[in-house]
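Both complexes shown next keep subunit A, but they swap its partner, so subunit B is in the first and subunit C is in the second.
Moving on to the complex of A and B:
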């Protein structure tokens, strides 16, 4: 009881109340683009009127997201453990892992709809949405352990597996949980996107598609809120579990041991080259195998060779290349800007979270809403507010990129050991000085990891904006090609966007390794 | 949504299977046929809903599976992949696929004699003819850009004189004046515009040179050869459904409030409006799905003008003759 009273008097509650009040007033007086943002009460009234429609749709979406979430995460945690036990495997599958993460959902949704049946496209898209996040988090958690604890196990005769079981898995729990936390909204969004395009009868995505034609923002926001509620509840579950377990696995004192150098150096050059070649070829092999296994005819499903043929060997190759290059010229610059903007925003937020914890508690619900509001619903409304120029593209890109980067950065800042923080405090340093001298440098590995995470999402954000608002670049090319039944181009755009993401990823990885090695820091997978 | 089997239903199923195994085969077992529609459930497919509800397909010995569509569903792809036997398509896409990619399709009927797609604007800022589009912003779903380019080219309008932006199926930007016009079904969106307090003004692309069918019934050559009788049966049953539905367009949509139209996000009044508005575009002297020689020629001519080379052989009217 005292707890609840405390909450009512707390700043978080007050800020949230102010926020809702402002929203209500702004919505009621139709300030934003003549009513594109309805008041909360208008949305709730609409939601109540539509209450009969929701159960079937919510049930379908929850089913697909939960199945996708469970399958995707089981695979991800299993893969993460394998990757840590056998680092070569991680190197060999790196190309594949990045490719899975970088697959633009809007490009593969139609492909999944074609090749799989019933609920499978939704479950697959949900699973793909969670795999990379959880896998990375698992590897991070398992890699960053207190070597002193491992030494203790080894001193008592424990093998690698015992270290894994007693030290690393336990230490990884908070990281895995924070991975699951970010992954949860991804699963819901993946399922909704597949529902939107896939032509099923039930699911919030289907409901959204039918509702778009009504020109009723309150309905669209209502669907978005319900999607947010589902995602938010799943986020909350893992956040609560995470908060309960975090303290138990953190080191009390600082480990001053310098991390081991990468064991890659001592292996032979031919072997390393073979692994690199394998990593580059594996995604293409799996792509080829997927098409052969599903048995989809060549006309629809292009293998890697089919795409090469389309781009370089057929009679119309020069037209295809010209279209592709023109689209890339439109998409790439804005993607780079969008990525920087998203990252900058995440960084600012992460610092604010440290400086003003109250502000971030108020902001988190809004941040989560932007992650789970289906963009297909909001883009027509965003266009009314921001037009169809660069600003709408940037806004959408920031909104899809900042959240994962933000969570990673906050985690990096939070993991700074207490003993390191005590030092500047003992000397009477201000919060800013402490942040500048300790927390930000300590979070550097996480900033790099966040950058790598942001690249593919930035491309996705730009493509969504191009598809629904600006009508330019890769996003538009992809969708126009569907009208021409130009399957070659559909596969080409998907392949090119993935290859670009992977290339960016490696570029950042290179800078990261150099910088962190020089600083003697451990990197975050 | 998911198909679950618990122990009880499994035992029941096994018992039924066991019992029926002992029975003599029926003279004519229902043959399974799957159709891929072009969009989510709305009045556009009323004829099929009616025929399913009233058992017209089973009367013809068919067991029909109906797959609804959506933005990512390319109906032609579904039949190439073998996930459906028959699809409702847009003829320009289908014919382009046959002529340019060698896809083995045949068009065996056409639901819309006149394509309901048109340019929709507001009465207070009307776009009455293709020429009015010059200097205007028109929202077009990216998949349909090819159709609008056909309209402009057939009417001698420079493609660069019109600002084409993506359309996301939401009429709000039109009503708010962010765009001047949109490409949509003229049978559908004017209803919503009316509800939003504006009056819609629209013209059909069909009336300005783009003389195309829509929801053409397409099968692969292989299906046509192997399942001809079933396809004729499907046409016959569907025609029955459409005839009955269009006899009074306001009669059936309200009856599907809790079945076909449950939870689609659209209103029943909208479906009645749609069903009524589409009647004249579907009904034909030759019966529903009819493809007269004259109409086929018009389709081919319109496509020719935008560089798509269709031929008479892509249409097979002999099944309709059997119906």
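Moving on to the complex of A and C:
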């Protein structure tokens, strides 16, 4: 086994070396878009020449990311524990949680810059980026505890809080750590996006925005690489921590009795409706409370009612509505097409993975690296390569949906037990029959999960591209409104894009639950 | 009803109300384990033997009847630390060392584990795990983990000891070795023991009384006294009288 693993690793290194070599050659001879893709050595030389600029920018971004990461995770773990102890609270805050998960950070960055000052917007956006991931991981970890160990504690008269203290909290540590690992790059992305939206002098986002007009591809690539490195390192740190601490503390035998999630099915209808209504209204209440607490004047900060007033009741409402609808008409079709293409491509590639195992082995590490690559760093590079037309938006959308979906799908298909695969083969099934009978059905729940999880990313990708490059759609409307100090429109775009994300998320969730229930399959969280 | 240090269940009924079908887990269950005796509860899957034990431990509610453990209701008995328990799976906390796993009941009962260092060391020695005090469960074999679980069940010096198929996950050879050791440990502790098992020879080897249960509804059908001298040794497994007793238990189990 050790030999085989070593061989695989050397194969991966070899492929990586080939990739870098091809990159260098292609870059040196300026094949792509007249030098938009410089060779690696050119990027490194530029990086060295700019070495005086980086420390200040990197320090500002890292500082905001780390602070946001710490605050966001403290809140997330605390909230997770509360949600497990009081499940009604989880149902009541579902709307808020999904909104935090689905909100495109770029849409609320300008809002945070308007209402908060100094480092606060960056820290807040970084914290928002980690909250949902860590909170879900905490809830899952605390819910799936070892019931046998809990029985031992209860058999000595231990109450629920004793089980929580002795069994569940420590048992959730692996899940929380894997949550932190995924959350860490999100914090970096959040901090950089906030730097885009708000004036400050330092930060990689500011540096990137400032360098965009200079037409120096090597510098943009350099900033992109540094941002990716920071995000990748933060991922690595937690990957190492979890590998170190968890080696010998996994459960030694498989627990067949995992507690059922409490779905509150047996409670009365009025109560359930009240909770659902509360869950839907809570985000709007928090929005209103946030504005009242920060004490920002009404002119700048719009409450939910303020946005309604802006869109429907004031003298200029019809102009605002027309602008918004025109922007939506540009943004939504391209998001949908990009997503469909990205997901479809990922699905085809993942289900045929069994036929080209060598390709997957080469491709997976690259796909995983792109997971930690901050979207903002990627966008300017794609703009350089593809220009400022619609195609760049489409490619960004495809790339942000393709990679996560592909990783999720491959991991899902890999969970199919070998015996299930052997069965059709034992009856002489062709590769196609095996695909139709095993791989495609097995991948279906993961396709739904991937769709649900990538909707917000797709919208974010399109809006970043519109903001930075194409000058169309919602992203551009947001950027323009900042320039015109059209505060009503800034809040409107933010609210509409968050609502759209949440609505899409729920629409897919509904289709997913219906389909999978009918097929008798379990959904993936 | 007696109010002594033993285990007493009187007319206990328990029905699980599921969707559609109700399952009568126990009907009129009576069980008396005299202080210092060893009782084995045997029966097919679903006969309610584990349910009876979980009720005695206060882990499940019961519909009607009365339960007294060492003279107290189950919840009071377990919370005062007079009971010890070992489950089918060792159910050790994977992140705790052997010594700290054994100390778990003390922590639940709010006692200071630091003051019981001597007892913990003695129990580790008793179950033959000297030198493994700081090992994690993942580094131990199945049999060793089960010994930790037995040591943990004895740390509170229980007057009443419950065991739910403690060696169910072990192979036949290892199980017989562990049975001899369990007998020795139990004789030294002098506690009242209740063992849930589906191994006929295990029940006949360890117990003073074998209580045979049937399913649908779960109930006691016969109590068989085991006459063999203690300490019982491995040779007993080959004795004709032992086989005759096992055959008798098997007949009752099969309802003949």
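Definition applied: the second predicted complex is superposed on the first by the 345 of 525 C-alpha atoms of A that agree within 3 Å, B and C clash if a C-alpha of one lies under 4 Å from a C-alpha of the other, contacts with A are read in each partner's own complex, and residues count from 1 in each chain.
Just so we're on the same page, a contact is a pair of C-beta atoms (placed from the backbone, for glycine too) under 8 Å apart; a residue touches a chain by one contact, two chains touch by 3 or more.
Only a predicted model underlies this, so the values are computations on that prediction, with no experimental measurement involved.
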item	value
Broader residue contact with subunit A after superposition on the shared chain, subunit B or subunit C	B
Touched partner set for A:327, first subunit B, second subunit C, both or neither	neither
Partner chain in contact with A:156 - subunit B first, subunit C second, else both or neither	second
Touching partner for A:206 - first (subunit B), second (subunit C), both, neither	first
Subunit B versus subunit C as contact partner of A:177, first or second or both or neither	neither
Touched partner set for A:109, first subunit B, second subunit C, both or neither	first
Touched partner set for A:166, first subunit B, second subunit C, both or neither	second
Touching partner for A:146 - first (subunit B), second (subunit C), both, neither	second
Residues of subunit A touching subunit B in the complex	33-34, 36, 52-53, 56-57, 59-60, 63, 109-110, 113-115, 117, 119, 196-202, 206-215, 217, 219-220, 296-297, 299-300, 376, 379-381, 383-384, 388, 467-471, 476, 479-480, 482-485, 487
Subunit A contact footprint on subunit C (complex, rising order)	57-59, 75, 78-81, 83, 85, 87, 89-95, 104-105, 107-109, 136-140, 145, 152, 156, 162, 169
Contacting residues of subunit B [partner subunit A, same complex]	1-2, 37, 40-42, 67-74, 76-78, 80-81, 83, 93, 96-97, 101, 103, 141-147, 164-166, 168-173, 175-176, 178, 188-189, 192-193, 195-196, 262-267
Subunit A to subunit C touching residues, read off their complex	146, 148-149, 151-158, 162, 166-167, 170, 173, 248-253, 255
